[in-house]
Every structure is written in C-alpha cells, then in structure tokens.
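Chain naming follows the written order as A, B, C and D, and within any one chain the residues start at number 1.
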Amino acid sequence: MHGSAEFVKGKNYTASELMAITTCKEFRDWEVAFVGIGIPLVAGILAKRLHAPNLSIVYESGSIGPEKFRVDFNVGDSSAADGALCLTSEWRVFGDLQGGYYDIGVLGGAQIDRYGNLNTTAIFGGGDYRRPKVRLPGSGGGNDIGSSVGRVVIMMRLEKHRFVPRVDYITTPGYLDGSPGARERAGLLGGGPVAVVTSKGVFRFHPETREMYLHTIYPGVEAEEIRQSVGWDLKIAGDLQVAPDPSEAELAALRAADPANLILGGAGARERLSGLDEFVELTLKHAKR
Amino acid sequence: MSDRGKANKLMSLQEAVSTYIKDGCSITFGGFIGRDCLAAVHEIIRQGIKDLVVIDDSKTDVMDLLVGAGCVGRWEGAYLGYGSIGLANNVRRAVEQGIPRPIDLEDWSNAAVSMRFLAGGLNLPFMATRSMLGSDIIKYNSRIKVMEDPYNGTPVALVPAARPDVAVIHVQRADAMGNAQVFGFTGNDGNKARAAKHTIITCEEIIPTEEVRRGGNLTLIPFYCVDAVVHVPYGCYPQSCYGYYAYDVLFCGEYHEMSKTREGFLKWLDRYVYGCRDHLEYCSRVGWDRLKSLTYLERQFNRV
Amino acid sequence: MSDRGKANKLMSLQEAVSTYIKDGCSITFGGFIGRDCLAAVHEIIRQGIKDLVVIDDSKTDVMDLLVGAGCVGRWEGAYLGYGSIGLANNVRRAVEQGIPRPIDLEDWSNAAVSMRFLAGGLNLPFMATRSMLGSDIIKYNSRIKVMEDPYNGTPVALVPAARPDVAVIHVQRADAMGNAQVFGFTGNDGNKARAAKHTIITCEEIIPTEEVRRGGNLTLIPFYCVDAVVHVPYGCYPQSCYGYYAYDVLFCGEYHEMSKTREGFLKWLDRYVYGCRDHLEYCSRVGWDRLKSLTYLERQFNRV
Amino acid sequence: MHGSAEFVKGKNYTASELMAITTCKEFRDWEVAFVGIGIPLVAGILAKRLHAPNLSIVYESGSIGPEKFRVDFNVGDSSAADGALCLTSEWRVFGDLQGGYYDIGVLGGAQIDRYGNLNTTAIFGGGDYRRPKVRLPGSGGGNDIGSSVGRVVIMMRLEKHRFVPRVDYITTPGYLDGSPGARERAGLLGGGPVAVVTSKGVFRFHPETREMYLHTIYPGVEAEEIRQSVGWDLKIAGDLQVAPDPSEAELAALRAADPANLILGGAGARERLSGLDEFVELTLKHAKR
C-alpha cells in the first residue's frame, strides 16, 4: 500500500505513519519476518530501530537479514541486500517460508473480507477476472506468505469498498470460508492472519469463528465510524482498546527510516525533492551505520 | 551442447536480441524488480519484436514497457506493480481496455513461478508446492493440479515446468565463455538460465576466465547454459544493480507519472527508447552525472 | 523458531553431540567424501550412540567408522566405497556377515538422495527424478514410486522427502549465530541443514557476524536452520577441507589396510578414537606437523 | 576401478595405464564430462593434458570445470575444486546432468552384461540382495550418469565373472533387455553406453541389437582369448581394429597426472612412498599451473 502526506486531523502524524508505528509493534525481537514492500517494510525497519534490533527481515528476491541502512522502494533494490547475513535465491527463501522458518509476514491488499481473505489481483466491478474494472498487481509473494508464514499482519486503509463480505478473488487465503479447520483441510501450513492494521484501528480474528472484529481504535476515532466503513455487521471487542498516540521518539525514528518521505509520503514527496542529489544526500545522512 | 562450448560468446546487444528473440517466442528475464535487464528490453522494443509470451515472477518495469510498446501477447506470472510507487499503468490499460492490444494473463504466485523454473532448471515435468491451496489462483488456472501426495496423503499443488525459448539475465560479472557471477540476491536466475533453450547474459563487467576461477563459488550460471554474453554497463538503469548503482526512484516516479496516459507513455518511449540508437545514447540522455551519483550512492553500501 | 533465534549457539563438540544425537535417531552428515565431519563422528562413537538411521548420499569414511563401531542400525543411501582406495571393509562385514551387527540397507542413487533432501529442504513431501528408471534400484526399494507425469505423460520416479532428526555439517567459517559459509563444492549441505529437525555446524573458524555480512553470497546455511556451532579445526581430517588442508591419502590407506580385519579395525579405533579424549588429542596423535603439511599443500592451490 | 602396478607382458605399460590412455581418446575437446573417481578420472585429466585442453570435468560433489592441477582420490577432495569455473551443489549438477548439459560420462563397474547394464551394488553369489556374497559400494552417481548423460564409456578389467549374460542387479541401466526403444520406454534421457574399455580390448554396441561386440583389441592380444573371458557368445567386428601401443608422450603425460602412482598403481604404490612429505613433494612438482 502507498502512503499519503496528509496529517490526521488535529494530530502531528499522518495515517500512514500511525499504521506503520502500530504495525511495528507486531514484530518481536529475534523473529524472522517476511515482509512485502511499501509501508509494511518501513514498519519492519522501524521495529529494528526501536524494540526489535535483532529482527531479521527476509526479502523474496533472496536477501536474508540485511542491515537496514536505507529504505527500499522494491524488494529487489540493491538496498535490500545491504549487509545481509545470507544472499540467496528467490526459490530458496520461498522454500524456507514453506519450511516454517519465518515467524511473521506483513501484507497490504486492495480488498479484504470478514475471514481475512485478501484480494490483490483484480476488482471485477461490472467485469470479471478476464476483463476486470481494475487490474491489480497480482499475488506476487502475497499468497505464499499468507499460505505458509507463522502469522500474518495485514495493513489496509479503512474504506468500505475495501472491507467487503466476500472478496472478488481470493489472492491470499485468510480463513477461507471461516469453517473450523478450513485452512488445514486445504493443506495450508501457516497460522493465518492475526491482525488487520487500518487507518482507523486494528482488527483481530475471533479464535473460534475466525471472524474479523474490532480490537483497538486510534485516539479520536469512534467505533461507529469504523462499523460504517465495513461491509458486514462488524463485531466489536467487549474490552475495546484505545491505542496511544505515537510518541515523539517513534515518529522521529520512523521519519529517519524513510528520510525523503518517499514511502510514507507518496507521490507528493517525490515532487518536493529538488532532485536526485538531495535524495542521495538525505539517504546518506540518515543511513544507520 | 557443442554449439555452446565456445570460448568466445561476446556479441553486441543488437546481435544477441536479433539472433535469439523472435516474434511469438516465450521469454523470461533475470532479476527481481532489481537487476532487471532494461537495456535488453529497450532493444527488444527498438527491434519491434511482437507477440512475446513472458513467463516470469515479479517483473514490472520490464513488463510495463513491453506491454505498452505492444510486444507482449501473453503473461504467465505473479506480480506487476511498482512497489511503493503504484500500479503498472500500461499493464492496466492493456488488461482493462485492450490498449495498445489485449494481453492474455495467467496468474501464479511467486513461489509457484519459482517452482516452475526450478522444475525447468532440473528438466523435470513439474514441481509440487504448498502455496495457492484454497485460493482463487487455482480456480482460474487449470494448469495447477491439486493432488494428494502419495506418501502422506496431504494436499499439494503441482505446477508445470517453465521452459521458455529465451532467458535474458543481467549480472555483475561474466567472462567471454559465459560463466556468470551474481552478487546480492540471485532471484530465480540460476534456474531460468538452465530452463531456457537459449540464454543471453548482459553484464556490467567482462572479466577474464582466470578471475572467474578465483571465485567459483560466486558463479551462478556456468558457461554451458549460456549462448551470448553482452557487455552493457548500467544495463539495469533505472533499476539498481548491487555493487554498481542504486535505484533511481525519481526517474521511475517520472516514468510512472508519464505513463498514466497513453500519450505520456508514448512520449516517454520516443524520448528514451525509439529516440536512442542504443544503450549508450540512452545513458547520455539520462546523463552520466546522474548515473555516477547512483554509483557513488551504491558504493557507500555495497562493493563487488 | 524462537529457540533458534539466539545470538550465541557456540558449544563444545561433546555438548552438541549429547544434546542432539540420541540412540535411534535419524541423521545425515554434510560433505561428500570430502569435508565430512569426522571429528563429530569420533565423538558419536566415544559417546556410544546406537541404532542410528543414516540417510545420506556418498559418505564412506563416516559410515565405515560408525558401522564398524556398531552405531548404525540402518542406512538409506547411495554409495559406500573408498574411491580409488577400495571397498568399505566394515560395511562389507556388517552386510555380508552381520559383524559387529547386521544393518538394514536401502539403496538409492546420489541424484535420488539429492532430490530427497531437496524435498526435505523445501518441506515438500516428495520430488520427482528421471534417474533410476528401468533399474533394479526401483525393484528393491518400494518407496520409489514410478508415475506418469500429469502434464506430458512421461515416466518419472517419485522419491520421498528426507527429514532426519539431525544434520551435522562441517564448514569453513561460521559465526556464533550459526550463519555458515562454505567454500568449494557444497554437496547437498544447504538442503540437509534445512531438512533436519536439528542442525549442528562444526567449523574451521569462527568469524564475527560483521565478517559474514561482508560476504552474504557465501552463506550457504542461514542461522535459522542452526542449533549448535562448534569450533573444530581440522574437523574433517583425514579428509580434505577446501582452503584449509588436503586429503591424507596415506593415513586413509593405512586405515583401509587395518580395517581389512575386525581386529585391525578395533586396534585402529582404540588408537584414534577411544584412546583420544577429544579431537585435540586425536590431532596430537596424528601429529601437528603432518596436519600442517596438508595445510601447506592445500594452500598452494586454494585459499579462503 | 582400482589400479595395479604390473606391466603388461613384454610392454612398458600396465593394463591400467593402457585403459586410461584408451579411454582418454573418447573425450572430445570442449565437451563437458561427468566422470567418476579412480582411473576414469585420470583418463579425463589425461585428455585435458593431451588433445582436449578445453574439456570441462564435472564432479558430483558440485565442482564444474576445475583446472586439473593435481589428481583426486575422491570426488569430494579439495583438489576437485582447484580453480573451478563454478562451485555449486550436488543436487544442482545432477539437475544439469538430467538437463542434458553433459556430453560424456565414464564409469567403472564390477559386473556387466551383454546389453551394457552395470552392477556396482552386490554380487549375490549364493545369497541375495539382502545378504550378498560381496557388498559393493552401490550406485553413487553411477545410475544417474548412466540414465542421463549423452554417452557412457565403461572401464572394466576383462574377467569372465565380470562379463556375464545377466547382471545380478542392474545398478546402472545400459540397454536393459536390449529390445528396441527399451531405454526410451523406461523414460531414460541419456544415450546409453558407447564403449567398454577393458584390459584386453574395447567393446562397442551394435546399433540395432544393442549387443556388446568386440571392436578393438590391444597389441599382442588374441580375439579368442577375449571371447573366452566373456560369459556369452561374443560377436566380433568384421573389421576388428588393433589399437596402437601408447606413445611415450602419452605414457609420460599419464604418469605426470598421477605422479605418486596412487591411482594407477593401487595399494602397492602407497607402500613405496617414504611418507606424506614425499607425496606432497611429488604433487607440487607435477602440478600443472
């Protein structure tokens, strides 16, 4: 998912920043994380700079445990290999994913349903799979991560057309039809989704019904506002949590991790740069070495 | 293999492309949205090659250009998006509106494509995977066959080997025989080179075979898989090449903005592809200072 | 994986063997009649571990010792012979005469064993191969299943994944986390480490993690596959270790002569295994000058 | 197969040397050869030193195209990697073998039959597979080479108990039952055996019947002597060739390739060495660098 530079009303952070900081708390120190590109990756870098310095990030291009000196725009950027513990092949890291070696994966998506199934392939609209309204990037490694990683965290902007009762196309399996043992019956090895971090709050999944429910809201957000943005009758935790505002330290660390604001700030941030030289300068200045 | 057993496979990019890449052939590209062989792709477009069947994992920059230039008839792959930059505009136009021509898409996951090339690289008819089970990727792709494994009865998905006609792979170093050394991640390149009927290596540096022999552990692709070796410095630009130059996020951003309209894309194509005789002219148009800045940046972090 | 995510996995050879290698467990060893972990094998014998199920490709030196010492109950593998030196005497005595105990043998080819570990390393239930078709290996091994491939109808043989309890792998360099770098051929070690439930790395040198990071392309086995890291210089002797020491053909020849009789073998075992408290004492008994000559010889050809 | 230091009667070379020199002529320049250990390997090194300098030798341990500075005693010796073009994994080179990248393979064996099937697993004698008279090393990579390599050359000492109508156990397929298309029907990709180099002469295979026949005899050997050493009614080529004696240059190159005579000379040669230092000295003196 892509960033935007606009501050949340009355706050000193953007929705993207809040999502990155919230997601970063899902990583634990010493874990191995298989992380997709964009804001999910920044969340991983941030976790390494904050509470999980020994987190190893794995890229599907074949890089295992790089030092996160600089931010990556793609999983295949040379930066993804900076000081890596092991530089290997794509098929090998997917094999290790399937082998159960990776604890956590973070994914974005365009559409999600109540059982955590993700669509990143196509929004059918009036059309169908062959001629959709919007063609999305496709699975990439998303399906593989959702199939086999220990637990999955999903990051998505909360919008009603994205949170639907049934996705047009299951690119990445969540809990499928939600029936008991649906994942195991299909042959899936990973644990499935544990959290959906959105721009308004965090959803989790009921251990029995496997249905997504509202677990945490951000400061200043109303639960009802969230319920209106979801396409099914959303359940809300009895002990609904309210997340704290990000601390100054968290925001500073995050902004240093993406110093030109190119991930979190989106296209607008590119235009604000005077040119490539400023990008090079900012990258070198904030590189953590 | 005797035609591959030659000491000197060096040729120009023009010659390598025209010799091995034909209208309608199936093709795969090395790299993984990083170390993609953009220079070779520009040459394919300049030569007006049509109806390519591209079999690949994640190969956005390559595909968006080729699709926009009307070179692609079919895509079997996993991902066509610009990471943190956005969707692939030419791919969208082709799939949603058939502009400049409709393309046939077959969806796989990256692990599935990886297994297809592993099978191809081992000359096996198929590989199994535990990906895609329960998903709609299988529903819409009849070539994925779910079976119970005959040892434990667990479900697995079989995927068929990929055996493209051609692989084009950019590496950091190769010798004239075709021994190719890759630094940084290696993607599926070791398998792609083996799976393809013909393999073209483009590289940042040509090194003597003696230098290859000093570091045989870094040779990903041995000479016997290789048909042509082409020296193309900055052959991945605007993508990154580990140890040589960093990603040009601003140039790519500009491409993305321009390619939002068909007119904008055609303008871009005229300027950077049709309007350049060869890769050297493209580098000049981009600006050698800009390229050197990216080399400077990369070498602060990685050196080969 | 949390128990594997530790910064420091260094331990003694005694501790690593006693922690992970139990009576009756299944086991595989790294190397390929070269870079075999002989020091670990001596320790297994000293600890009197019994009924091992060894799953391996070509692993003669290791197996002849373990079989002669009565540690092995079953062998699933491809080759037990001494290359240019001769047959494996202890293996012959066990199979032909049940001395010191009968062992159960299951024959595979090296490619088949390689595919078994590739399947294990990818967590797949099986792999296909085009080896062994038409041969008696299949006739006497009911776990090889010949099928028609569902894409082209050609015959292929399926082999089941190998998932041993333990892998012991000797490498040139490793850090305390367990990132293991191999120079020279790599055998099936990358897959063995992944396929095994527990992996013990023995190594010539412990290096800082910073040094690993300077050459990530040489890391064959990442830390998350590793449980124990043991520093054992000359840990392959009398076999060779690329970049560190050459093969001692004369010492091996003497072993081969002595092991022609059961008595001779037991004498050898007393002298070099039971009679040595640990690997250091074994090195002393062999003679440091001899070891240094082999290092000198190797370094004329290869350096890490 | 193992060497012996005894000269052929009336000649200045041993049977092992003659076999190595005869085999070496089967390699062509620029080919890729998958070669087993022992005398087959020395034949490959010799070919590189004589007429095929660009021959690439592949070892199943994972070494591709080493410079043959020194002789190897095992496929996994460090020497097998000296100056290699590519150092990789065992499964990878077996994959390349299966992929058709290797032109020629050379194998030894304990038993062979009229259709070129090889046994290196067990001589049953009065027993059976489970409790054989002699347990041999097993397939190793032999079966794989015989299954998939372009063409196979076999080296075996000519002895009646080795050349049998039907092997006890087919470790490595030759032409199986000799019926037309037997290899293709089984699914085998490689071309099968083209020559059997023995201590008395060279056999080849009839293109239609796939039966092994006598093609070449060594100087001083009678065809009848060979016929008596084979366990079936051996056919002899109408234009039976007589091989020339090895030249002095060939013998000198061969002896430099195995300077301590440890491969070609067998166990006796080990005893003639004064010790490890002499071995080191000889190796360094004759290393071709």
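A few notes on this one:
In this text, contacts are C-beta pairs under 8 Å (C-beta built on N, C-alpha and C of every residue); 3 or more make two chains touch, one makes a residue touch a chain.
Just so it is clear, the model here is predicted, and its values are computed rather than measured.
Identification of common neighbours of chain B and chain D yields C. The interface with the greater count of contacting C-beta pairs, when A-C is set against C-D, is C-D.
A separation of 41 Å divides the Cα centre of chain A from that of chain C. Chain centres here are Cα averages; for chain A and chain D they lie 58 Å apart. Averaging Cα coordinates per chain places chain A and chain B 26 Å apart. Among the residues of chain C, those in touch with two or more other chains are 123-124, 129-130, 154, 156, 183-184, 186, 190, 217.
For chain A, the set of residues that touch two or more other chains comprises 63, 81, 83, 87-88, 98, 189.
Taken chain by chain, the contacts fit none of the simple shapes, being neither an open path, a ring, a star, nor a full set of pairwise contacts.
Touching pairs of chains, sorted by label, consist of A-B, A-C, B-C, B-D, C-D. By the touch criterion stated above, chain B contacts chain A in their complex at residues 31-36, 57-58, 60, 77-88, 91-92, 95-96, 105, 107-112, 114-115, 117-118, 129-137, 140, 154-156, 183-191, 239-243, 245-253, 256-257, 290, 293-294, 296-298, 300-302.
Contact residues of chain C toward chain B in the complex are 123-130, 145, 147, 149-152, 154, 156, 158, 160-161, 182-184, 186, 217-218. Interface residues of chain A facing chain C in the complex, by the touch rule stated above, are 30-32, 54, 56, 63-65, 67, 81, 83-88, 92, 95-96, 98-103, 150, 189. Interface residues of chain C, counted against chain A in their complex, comprise 1-2, 5-7, 121-124, 177, 179, 190, 194, 209, 212-214, 216-217, 219, 222-225. Residues of chain A that touch chain B in their complex: 2-3, 37-39, 59-63, 69-70, 72-83, 87-91, 94, 97-98, 121, 129, 131-144, 147-148, 169-173, 176, 182-183, 186-189, 262-263, 267, 270, 273, 275-277, 279-280, 283-284, 287.
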